[in-house]
Amino acid sequence: MRHNNRKNNELRTIHITTDYVKHPEGSVLIEFGDTKVICNASIEDKVPPFMRGQGKGWITAEYAMLPRATQQRNIRESSKGKVGGRTMEIQRLIGRALRSVVDLNQTGERTVWVDCDVIQADGGTRTASITGAFVAVVLAFNKLKKANKIKKMPVTDFLAAISVGISPDGTELLDLDYGEDSQAHVDMNIVMTGEGEFVEIQGTGEEATFTVSQLQAMLGLAAEGLEKITDKQKDVLGEAAGSIGETKQTEGDTP
Amino acid sequence: MRHNNRKNNELRTIHITTDYVKHPEGSVLIEFGDTKVICNASIEDKVPPFMRGQGKGWITAEYAMLPRATQQRNIRESSKGKVGGRTMEIQRLIGRALRSVVDLNQTGERTVWVDCDVIQADGGTRTASITGAFVAVVLAFNKLKKANKIKKMPVTDFLAAISVGISPDGTELLDLDYGEDSQAHVDMNIVMTGEGEFVEIQGTGEEATFTVSQLQAMLGLAAEGLEKITDKQKDVLGEAAGSIGETKQTEGDTP
Amino acid sequence: MRHNNRKNNELRTIHITTDYVKHPEGSVLIEFGDTKVICNASIEDKVPPFMRGQGKGWITAEYAMLPRATQQRNIRESSKGKVGGRTMEIQRLIGRALRSVVDLNQTGERTVWVDCDVIQADGGTRTASITGAFVAVVLAFNKLKKANKIKKMPVTDFLAAISVGISPDGTELLDLDYGEDSQAHVDMNIVMTGEGEFVEIQGTGEEATFTVSQLQAMLGLAAEGLEKITDKQKDVLGEAAGSIGETKQTEGDTP
Amino acid sequence: MRHNNRKNNELRTIHITTDYVKHPEGSVLIEFGDTKVICNASIEDKVPPFMRGQGKGWITAEYAMLPRATQQRNIRESSKGKVGGRTMEIQRLIGRALRSVVDLNQTGERTVWVDCDVIQADGGTRTASITGAFVAVVLAFNKLKKANKIKKMPVTDFLAAISVGISPDGTELLDLDYGEDSQAHVDMNIVMTGEGEFVEIQGTGEEATFTVSQLQAMLGLAAEGLEKITDKQKDVLGEAAGSIGETKQTEGDTP
Amino acid sequence: MRHNNRKNNELRTIHITTDYVKHPEGSVLIEFGDTKVICNASIEDKVPPFMRGQGKGWITAEYAMLPRATQQRNIRESSKGKVGGRTMEIQRLIGRALRSVVDLNQTGERTVWVDCDVIQADGGTRTASITGAFVAVVLAFNKLKKANKIKKMPVTDFLAAISVGISPDGTELLDLDYGEDSQAHVDMNIVMTGEGEFVEIQGTGEEATFTVSQLQAMLGLAAEGLEKITDKQKDVLGEAAGSIGETKQTEGDTP
Amino acid sequence: MRHNNRKNNELRTIHITTDYVKHPEGSVLIEFGDTKVICNASIEDKVPPFMRGQGKGWITAEYAMLPRATQQRNIRESSKGKVGGRTMEIQRLIGRALRSVVDLNQTGERTVWVDCDVIQADGGTRTASITGAFVAVVLAFNKLKKANKIKKMPVTDFLAAISVGISPDGTELLDLDYGEDSQAHVDMNIVMTGEGEFVEIQGTGEEATFTVSQLQAMLGLAAEGLEKITDKQKDVLGEAAGSIGETKQTEGDTP
């Protein structure tokens, strides 16, 4: 039995609070059950050196956890003097996923810095980060659009992410909490567009392996869950949601 | 005229939310107007190498800002690979201040890790951090006491901090917000005990200098403000407040 | 048309040279076309601190490229003073994949250090690394077994990896070279056991997204290619291949 | 009884040797008893990026101790790979203090690098550094003035620093040596201008707290001592002393 | 008796394989017995900032060992986050030696990056690196010359290096392998031009000292060996060897 | 004509001041003309991990320059976060040279930390460092001997170092100052024992090469100069000089 009698295909309660912090162009607090992440999108009016002069924009993401977001306190990466492998993997994933639904030819020479800071962790922090970051990015572009700095919303489709996995007894589960995740034999993160196409699939069976049919079952659970999450995003974005897709992704817009 | 018609000797609205994050032994969200800091106190059942075998405890603090806590996004210290001078100064100050009101002979060989993470900055983040961290530390020790791991509350007195300064027109001000702070000619941070004794005075006049009488005026404003802040702390701590001072600081308890 | 008239489901020529370097317990040079990787497995008679005293072993991997393995010279990570995100992702992947087919309860308190150093790169360096590292690890354990330091081969199944992708014209391709990889819309790395079960799936569509049916087609190509690669591994391992699977993976053998 | 029968309000013997090292524009060896610091001021004909194009100058300070300046050898910060918190605090303090008495609008786009290197430490190294660095900076500007690179001495007032504290028996002391400092209950550093105004007050009671009247007593001792130190600086600077104050600090000259 | 009955003045078997890796402008695998080093020379069409605008070129070298090039696995310098003293010494030596036989006025504003990566170590890795790097550099310049980017071969003379030493029984030895090197009382590396002039002499007697006559004997052995090594280089370079010396070193061509 | 009409085989004026800093066990200020180096020897009552339990001692050296020891200010290595190649080379050389004349079997399990800090540089800082460090080490061991912590002086012979070189006009010179060194075609550092045997020879011809007869001439100059330097060391060491050599170097005393 899952915590709170959740069904295997049932998401945790999701809250998305917009304008959570006052300074960023887009700011969101996203909660999946006890997992809480602040997602801030900051617009900078220049691009990194390798992209200058092309008339295009860039999106990059950083991810961190407060030291006591977890049960055991973690040492700060600033104190260690370096960013760990897990953090790098996650922030590369977040950036890549966001870039897949933004037409960087429509943003001008601007960088969107996305900061995902986990305040409290209970499993699924990377998928919550992507889901919340998407909302923050749309809010930030909406602000640019209202200020007439860009003409169209450069976001081409919705984007959300969720985890699925296989429990020790072989059951496929949607949206694993920390307790489930630490026991799961297979752990998979799926990022999808609003149109239901895959952006990323990352499935790992460190203690176990998985078959094609288990893969299908997990993909099915994920698709079902992601549809509901996208509905949440639409509700929260209100009017701004309507402008998503007014530009369509053009080919070759990322390096 | 100050923002929101604040008087020169008036504090901003202060909120202290306890149990803000679920994992730490003590967790507080403290707000001074638009300045918001999460203060978490974590208990670890060992002390750093230089203190082992003395039967005493240790308190250490770390301070950080989310990259977009400020108007301009700051580069993460983990990305830079080192902790900056301002951060080091602040976290050394927080740790030192907390140790001045804790009898480390009464804590057992335990380390209290205090993490102050600024979510939103609008001036006074270091003094808000000290004030909130004090509450988090009391909550953490109270949990230890209820679990019979320590016999008495090792906190010997209340502790709070506030900033004062001198505006360009020569007026002394209490509790400066960011706009005031960035224009002030003199910036001073005062840490005091509940008994009204000084723990730290740090006054700086980078663009200007100040006289003895200006110093007196600022100290007066600070004392007045700190009394009100301590009242807030008492309210929030409830029953736990009563146990503060049941041990008195013994001499020589810090290295 | 692919380079050298390769068919879409055709692997590049694969060579695996064993005992390539004289010092390591297991040493392999693996070539996939022009991609060349030295994979060395070193046995150390202790485990990292977090695993001591459990009677179990550990496998960890490091990956690097010579500065001029690529068309443009890359700055050494030792000169930069830090290991980059891509490197970390790859070395975490290699380690995780190898651990999935080794019963760490059967290795004694030993660490296997796997070093994958790319001498020449032409696409698919991470999958070549996994495939070659597997052979090096089997060789190293075989040496331990012959020296009577372990009783059984602790490797539970074969392991190999390959890349698949979708070209700009929508064709699914097996084993992409650098030219193909840099143009592909979707890039996917599949790690599979000899039994045909998934160990890792990592699929990314940075510029594009992909559908369920495209996913199926790519998985089919990969399975076909991996069967041939495993046959190569068997040939090269000779007698040692026969001992693979003499222990079966026990549950919970990795932390 | 203090070492050498010093009275509570008595300074140690102070020596200031000018032109101590031959390369720097201003070079001083300052001795407060057994504390010896080399203070070098170097003029660079450009400013840091954040100040370019404003027609103003900048002053920055660095502080270090030789490893065996102290009773126990300290590990070099270059070997550790990072500058510690105490060092950062001190060098930020030195720079800030010097900038308070230099009109940076009168220096041209130049940076003054101040290096304070402690050769032998016996308490009060930071206050000796400020006091000696002030002399080195005046010498460096005097050289610029004589070479007609600046028209007026941009130093607006004298600057000196001293420590005061409270001994375990409650006595206020001036100019603590290492033995006194390591036992003091309160440790305070005061930086003052020649006109007797405060530039910095930093008072810390880690083991103890202090009252308003103790603060007053310490400030009195400091003022008395600083007057004598400024006389020393005047003697040593000779003719150059006369030009101090020929420009008066203009408002807003530091960022 | 030396390994393989080598005589005291006998070199190990030397192999030089050109075009070993396909991307670099010059690429060589050099083997001295069991010591194997990949030497790649990469041409970059710009020079470091300190040399810009002088119409001259630059040569710099980097050296590394694969972690398991040695009997005991070494920790990667990228993982340590810094390049060690031994590595720095060696790469400075390689760069300096190569610059002594290249007329940097004839190369245009180009940098030659030389990467020496030791795949397998058995003594003499630094001298093998210099010897192989020389060949790689000539190959790279030859490619530039054939592409009409430079008019003449800028290499002014041959360059090779070898180690000599004194065994515990007092015998002078040529070309020490690892076993000999680790026992030798004196270890000396000699770099010479084809004309038989010295470029570098580095002799060290950590456990012992050496006399003038021992020095003479070692220099004699080295000269004899270096002549044979230069013959090897000539054979391998073929036609390109003929162009060496068509420019003569001009004075003052290195900074 | 050399500066101050020095002859080609003439040393600069040498001063060695003992007990320069009060805390170290051995402390020396050494001056070769305008080159000034503080050499401190500190005794620590333990050895590094790799030497524990062998009953032997260790000597290690660190070298640094004050930022403004040179004509242009250098960035501190602590600020850069890493020790440069030149520094590493020099400190490895100093340590190695000192260990060649100390019988580490006679020191007990102690480490001698030698710190050479250049206050003012005018050429020959590394040879001055070795020469001064030798005196500091003898003074430190003498203190140990007087305190009956060791029975005999473990220093087996005198040790001194000097630079020689070849000027652009082909003249061999002894003890080059900075102006000469920066123009020299060949730069060579010689470390010798009091008995006149070589400890280190490091000769470099970056812009030029040198012949055997030039080498001989330089070695002759060095031997002549080193004899005079050793006489200076004897004078300064007084009675302690007499105990040098009372133990003779035993074989294999360094790892």
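Read from first to last, the chains carry the letters A, B, C, D, E and F; within each, the first residue is number 1.
One rule holds for everything that comes next: a residue touches a chain if its C-beta (ideal position, glycine included) is under 8 Å from a C-beta of that chain, and two chains touch if they have at least 3 such contacts.
Keep in mind the model is a prediction, meaning the values are calculated, not measured.
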- Task: Indicate the lowest number of steps between subunit B and subunit E, counting one step per move to a touching chain.
- Result: 3
- In the chain contact graph, what is the shortest path length, in steps, from subunit C to subunit E? 1
- Could you tell me which chain lies farthest from subunit A when each chain's centre is the average position of its Cα atoms? F
- Message: Find the pair in C-E, E-F or D-F that has over half of its contact pairs, by residue number, in common with A-C.
- Response: E-F
- When the C-alpha atoms of subunit A and subunit B are each averaged to a single point, how far apart are the two points in Å? 34
- How big is the gap, in whole Å, between where the Cα atoms of subunit B centre and where those of subunit F centre? 51
- Message: Suppose each chain is reduced to the average of its Cα coordinates; what separation in Å results between subunit B and subunit D?
- Response: 28
- Task: Return the residues of subunit D touching two or more other chains; collapse runs of consecutive numbers into ranges.
- Result: 81-82
- Query: Listed in ring order from subunit A, and going the way that reaches subunit B first, which chains are there?
  - Reply: A, B, D, F, E, C
- Under the touch definition given earlier, write down the residues of subunit B that touch subunit D in their complex. 82, 84-86, 88-89, 91-92, 96, 99-100, 168, 188, 193, 195, 197-212, 215, 219, 251-254
- Query: Any idea which subunit E residues touch subunit C in the complex?
  - Reply: 21-24, 27, 34, 38, 40, 42, 44, 62, 64, 66-71, 73, 76-83, 87, 113, 115, 117, 119-120
